[in-house]
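Once you scroll down, you'll see the structures, which are given as structure tokens.
First subunit A sits with subunit B, and in the next complex the same chain sits with subunit C.
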Partner chain A sequence: MYDKEKQLIDAYMRGTVSRRSMIKGLGAMGMTAATASVLVNAAATRALAQSGFDWQKHSGTTVKLLLNKHPYTDAMIANLDNFKALTGMDVVYDVFPEDVYFDKVTAALSSGSSEYDAFMTGAYMTWTYGPAGWIDDLNEYIFDDAKTNPDYNWGDMLEGVRKSCAWNGQPGGELGSDDAKQWCIPWGYEQNNLTYNGAMLANAGVAVPTNIDELVEAAAAAQAGNEGIYGIGVRGSRSWATIHPGFLSGYSNFDQKDLNVSDDGKLSAAMNTEVSKEFHRKWVKMIQDSGAPDWSTHTWYQVGTDVGAGKSAMIYDADILGYFMNGGGNAMAGELAYAPFAANPAASAPTPNIWIWSLSMSTFSRQKDATWYFLQWASGPEHGLFGASQMDFVNPVRSSVWEDAGFRKRLSDAYPGYVEMHDVSAPGASIKFTAQPLFFDLTTEWAATLQKMVANQVPVDEGLDELAESVDAQLKDAGLG
Partner chain B sequence: MDQTSTLEKVLRRVAISLVILFFMFPIFWIVLMSFQTNETILRVPPSVIFEPTLSNYVALVTGKLETQAGTLEINFMSNLWNSLFLSAGSVAVGLILGIPAAYAFGRIKFRGSEDIAFTLLSFRFAPPLLVLLPLTIYFQKIGLADTYFGLIWVYQLIVLPLILWIVRGYFEDIPADIEYAYRIAGHSWFSTFRTVALPLAMPGIAAAGLLAFIFAWNNFIFALVLASADKQPVTVGALAFVTASGIQYGQVAAGIVLSILPTLALALYAQRYLVEGLSLGAVKG
Partner chain C sequence: MSDAAVPAKRKGFRISPGALPYVLSLPALLVCIGILVPFFTAVAYSLQRYRLSQPWARRWNWGENYWNFLSDSSFWNTLKVSLTYAILTVGLELVLGLCIALLLQKRTRFNNFVSIMLLMPLMTAPALASLMWKLMTNPGFGILSYFASLIGFEDFRWASDPSTAMLTVVLVDMWVYTPFIMILLLAGLRSLPKQPFEAAALDGVPRLFVFWRITLPMLTPYLLTATLFRVIESVQQFDIIYAMTQGGPGDKLTVFQVEAYLNFFQSTNVGRSAALLMILWVITYVLSMIFIKQWLKLRERQRGEI
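Let's look at the complex of A and B:
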């Protein structure tokens, strides 16, 4: 690097020059924004090295990662050279498409393979991997000063997100309890809120809905007021993934749960209460009146593609799905906006259920300390800020990144309402499911019941009673109920 | 003398055209999609009129995929090569092992022959995942995990039973008298196999080889579980276009077109060979 550029970046790191002045200055020196941001991160990495922590302790070691094809992965790979320079370590990785990714993870872990040291996972999956003894409790590393750099700042992680990755392994055990094990480190996460097409709502003369009744009406009005579209996109396939986004976020806003946990730790179905039935009735009506005609096949991809292509007026799904659909080659790029959504009119704020892409360490790794060096760097504040402000590492899981003025401005300029939506929702954002080993089976059955209700094969009340009965029976069979 | 009326001929051709159109339409639509951008593919209503682009093919060949999330690296051509290598390699090994075995099962009666043949066939019945997890552990211990050699070995689970059972039927259909006549003329057993039986069974061998190649080509679970990303076939690689930031329909379509080509070329070639082999058959029914 040329001295002038280096001096300017170091001045920015010391805080004597603003980010805007630095970028402007680098631009005047003929440097592109992308190159400048990599260099800025290199300077941040140099600053890390000055903390007194021995980053070179595992120099010469190679760690191998198993990663999902995702923008978070791309952001990490783009910044990886800085980690290599900082530590003298090498990092190799296998990237697999999401459709087959978890099959690969399960095969690698269940066979006890030591090929991969760390891997990406969802927090729900750790409810299987943790008790099976396939992944390590990362508390042993996070709170060890000899292994974790002093700038790691674990407390900077958003509380609801951090706790959602920790479980004590007891069926029904509270996430993030004092005795919980940190099965994974949050990396990036998704809240479930509204992404809407402002022009379509304006055409129909409806305001952005703020509760479930308004949502049902607005979806119907948007469909009627715009030719060739449907009102609202929500997932509908026979999968646990149909329950966890908008549906569970709205459901839990009415203080409803999936399961009850008794004092003696026994679990029982909780989805056939009167409040739950009322919520289900509204949800089913919304899909019947204004959902996708082929709703029962809709997954993440169809919900996102349709709002991006202008085939639906709104989605109640992951905020980053709306984020992705507002750019690139989508017909509606630049036309989408965002709003927090509290389904319950009496609720003070949204309570979105969340999906967390996280990092876990394989129990079978033969170089765990070196692997932890990678994990703490990849989930650290420097990489978090780089990824969020220069790549699509959104939503960041650290408060410090959300407080960064440059990041907030970048988001607000291109994604109207996104920052405000996050600020309003984040305090109530966490995993709303009860952690237990039958999670995938029971939640998939819930989705199947929802399909029957929408198809009018079973009335809502009867369907929920039958579902609760089946859930209770399965919990009893498994010794959990 | 041809008794078919003109009307009947026309109706027959119309009917054949309709059937061809029905079966070929999905392929035709995929080919059209492969020359479009995501935006034109997803427009409402869909249309066959568009400005064609080669960008999808360029992305696959150059390995650079432009998405909402920026430029992504893709390894489709490497996946295509892996599929070719794994399928061709495993069919070659399957033919070398399977043809003599099929001849033995078809011609020589020995104790337990049916049981052994059925055991080999039963490899096709086992759910792949049931076999793969224990295999992963063994492969890691003996150093075969994540190697082409190990994969071609495992692919025998698919191709060997297929080749063995199809070719065995062809050998059984060849009258033994032809071979006896050749043997009486003083030729060895191996010479008889090579000069008489093998050419006569060639249509069956071609059909079995083609079918085994297609089955091997379509497999994806073996490499997914047993190998790293750099050894994945096209069936796994094609899924890379389904990303969290959207489905790249144009590239998916271009990927399908490219991945169909080797099997299509082989099928066309083998079809000619099959007809030739049948017409040269020494035995009349």
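Let's look at the complex of A and C:
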């Protein structure tokens, strides 16, 4: 690197020059914004090395990761050489597609294998892995000054996201409580909001919906006003994954819960209240009137690809699905827009349930301190900013990245409305489920019941009463109810 | 006497005649251990209250997992769905396989070529076949949905509709496995002795009568073999159904393997999952015994031993 460029980047790292001025300066020196960001990242790594923290402590150690095939993984791999240079450590990894990924994790952990030191997971999964004794409480590392670099800045993590990855292990225990264990470190996350095709809504003469009633009407109108499309994409497969995105986000906006927790810690079904039944009725009608014809087999993949291909007018699902479908080779690239969505007309703001891709440390790892070095680097602010501004490491989980003007500009230029949507819904974003060990049983049954309702196999009221009865019986049988 | 006249003593490891039978049966013993250890482990799990997410609650509950099935409507649904699937797939595949085998019975170049071509689906992994069918039945762009619309089924929803989900997975199963039955029965048909058929032809016996009274009885051992293999496989069906619908819509296709898989990998309920698989093992064992007994009886009858 030439001295002038190096000096400019170092000045930026010291905070004496703004990011905009630095990129402008580098541009004047004939450097593209992308190259500039790579150099900034390398400079950030150098700065980390000079922070006084002994990054070389585990030099020569090899850490093995189990990873899901995902843009977050790609971003990490793209930046991995910097970690290796910083620490002298080596990192090897196995990457599996999502269809089989969690089976692989369960098999590896339940067998007590020490093959993998750390792995990607969702926060819901840690409700099984934590109590089973398969993963470590990362608080032991985060708050240990000898093991964590002083610039890690744990408090920079978005609060709702950070707390959603912490649970005290008590069924029904509040996420992020004072006695909670940090089972995983947030890496990247998804809120559930609206992604819509502006042209299709305009064709149909409907405005962007702002509550569930408008959504039901707008979806039907969009379907009627456009040839060969359906109105709204939401998930429908017989899986817990059908419940957690748009459905639960809208549901919880009406202050509805999945389970009640009594004073003595006993759990009971809470999904057959009158408000819940009314919400279910609207949701079911929306799918029947204007959902995908093969809704009951739709996973996130079909929901995303259909809106990207122009087969649906909008989706109420993960915002990053809308992000990815608005670029690349998708037919609707550049045509999609975003809106925060509060299903309840009386609610002051959206309350999206969130999915958090996180990193956990295996209890069976034989080199936990070295593994923590990798985890803190991968979830650190430097990699977060690199991934978000250079790769598709979106949504970042750190406030500092969201506050970064360069990142916001990049996102706003390419995805108009995305940043604003995030800013509006982020304060209310958290996991809305009750943390408990039967999570997958109960939510899968909930999804199956929803399928029956949509297929008119069972009326909504009756279906929810039956579901609640079954949930209570299962909770009781497991000693939780 | 010179040294050369003395036979050279063989060097190397020698097994005593007494130990030889044990050594020879060692591979079988090892295979047996490889099967029996997991089997009895699963039996032990099925007798426990064992959830990976609640390790503190793990305990022996002996027959409670099985006892709970009696009052568990989802278990009875699983049993019903599994048996319905097995009966439908095997029954339809037998009829179709037999029809195709009869059409291809004569040894001609064309028939031989067609019989080889018909084996292609059998070489496709069932999970891949399911994904292929999932695309073909997609309401938006699926070719089968298009054909269905041409004959008046405008909104035919295939596997995503509870009323047609079973039909759809049965069709996929038939596409994959009918060739298996066809090739087995074709081999049987072509190996039947010619004399009875020639005698019937000389006597001018109608073809239908020949089929019912000569072909079918002589083909029965082959039919039983094909049925045995297919019943065992279809009652344990997993990949086609899971890839198409994950057991849905609702609980329309929650066969044993899908339910057990979800119980273990998703709910981490090891006890219930193992108990379900034990029940499946009993069903498979009983069905196998029935078929094998019938097959042996038939063979004895053909030898004139009864």
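Quick notes on this one:
Throughout what follows, the second predicted complex is superposed on the first by the 453 of 481 C-alpha atoms of A that agree within 3 Å, B and C clash if a C-alpha of one lies under 4 Å from a C-alpha of the other, contacts with A are read in each partner's own complex, and residues count from 1 in each chain.
Here is the rule we go by: a contact is a pair of C-beta atoms (placed from the backbone, for glycine too) under 8 Å apart; a residue touches a chain by one contact, two chains touch by 3 or more.
All of these numbers come straight from a predicted model, not from anything done at the bench.
After superposition on subunit A, the partners subunit B and subunit C are accommodated together without colliding.
Look at A:Tyr418: by the touch rule set out above, it reaches neither subunit B nor subunit C. Across the overlaid complexes, the C-alpha centre of subunit A sees subunit B and subunit C at an angle of 20°, to the nearest 10. Of the two partner chains, neither subunit B nor subunit C is touched by A:Trp167.
Legend: residue contacts after superposition of the two complexes on their common chain; A:Ser239 is shown touching subunit C, with no touch to subunit B. With both structures placed on the common chain, the touch criterion links A:Ser110 to subunit B and to subunit C. When both complexes are overlaid on chain A, the residue A:Gly308 reaches subunit B alone and has no touch with subunit C. Once the two complexes are overlaid on the shared chain, A:Phe102 sits against subunit C while remaining clear of subunit B. In the superposed model, A:Tyr251 lies in contact with neither subunit B nor subunit C. When both complexes are overlaid on chain A, the residue A:Pro437 reaches subunit C alone and has no touch with subunit B. In the superposed model, A:Trp127 lies in contact with subunit C only, and not with subunit B. The gap separating subunit B from subunit C at its narrowest, counted between C-alpha atoms of the superposed chains, is 5 angstrom. According to the touch criterion, the shared surface of subunit A, contacted by subunit B in one complex and subunit C in the other, consists of residues 103, 110, 228, 311.
Those residues of subunit A that touch subunit B in the shared complex are 69-71, 74, 94-100, 103-104, 107, 110-115, 228, 300-301, 304-305, 308-311, 320-321, 324-325, 327-331, 333, 391-392. Of all the residues in subunit C, the ones that touch subunit A in their complex are 51-57, 134, 137-140, 155, 157-162, 244-251, 262, 265-269. For subunit B in complex with subunit A, the residues that touch the partner chain are 37-39, 42-45, 66-70, 72, 132-133, 136-137, 140, 145-146, 220-221, 224-225, 228-230, 232, 236, 239-240, 242-247.
The touching residues of subunit A, when paired with subunit C in their complex, are 102-103, 106, 110, 127-128, 131-133, 228, 236-240, 292-297, 306, 311, 437-438, 440-441, 444, 447-449, 451-452, 454-455, 457, 478-479.
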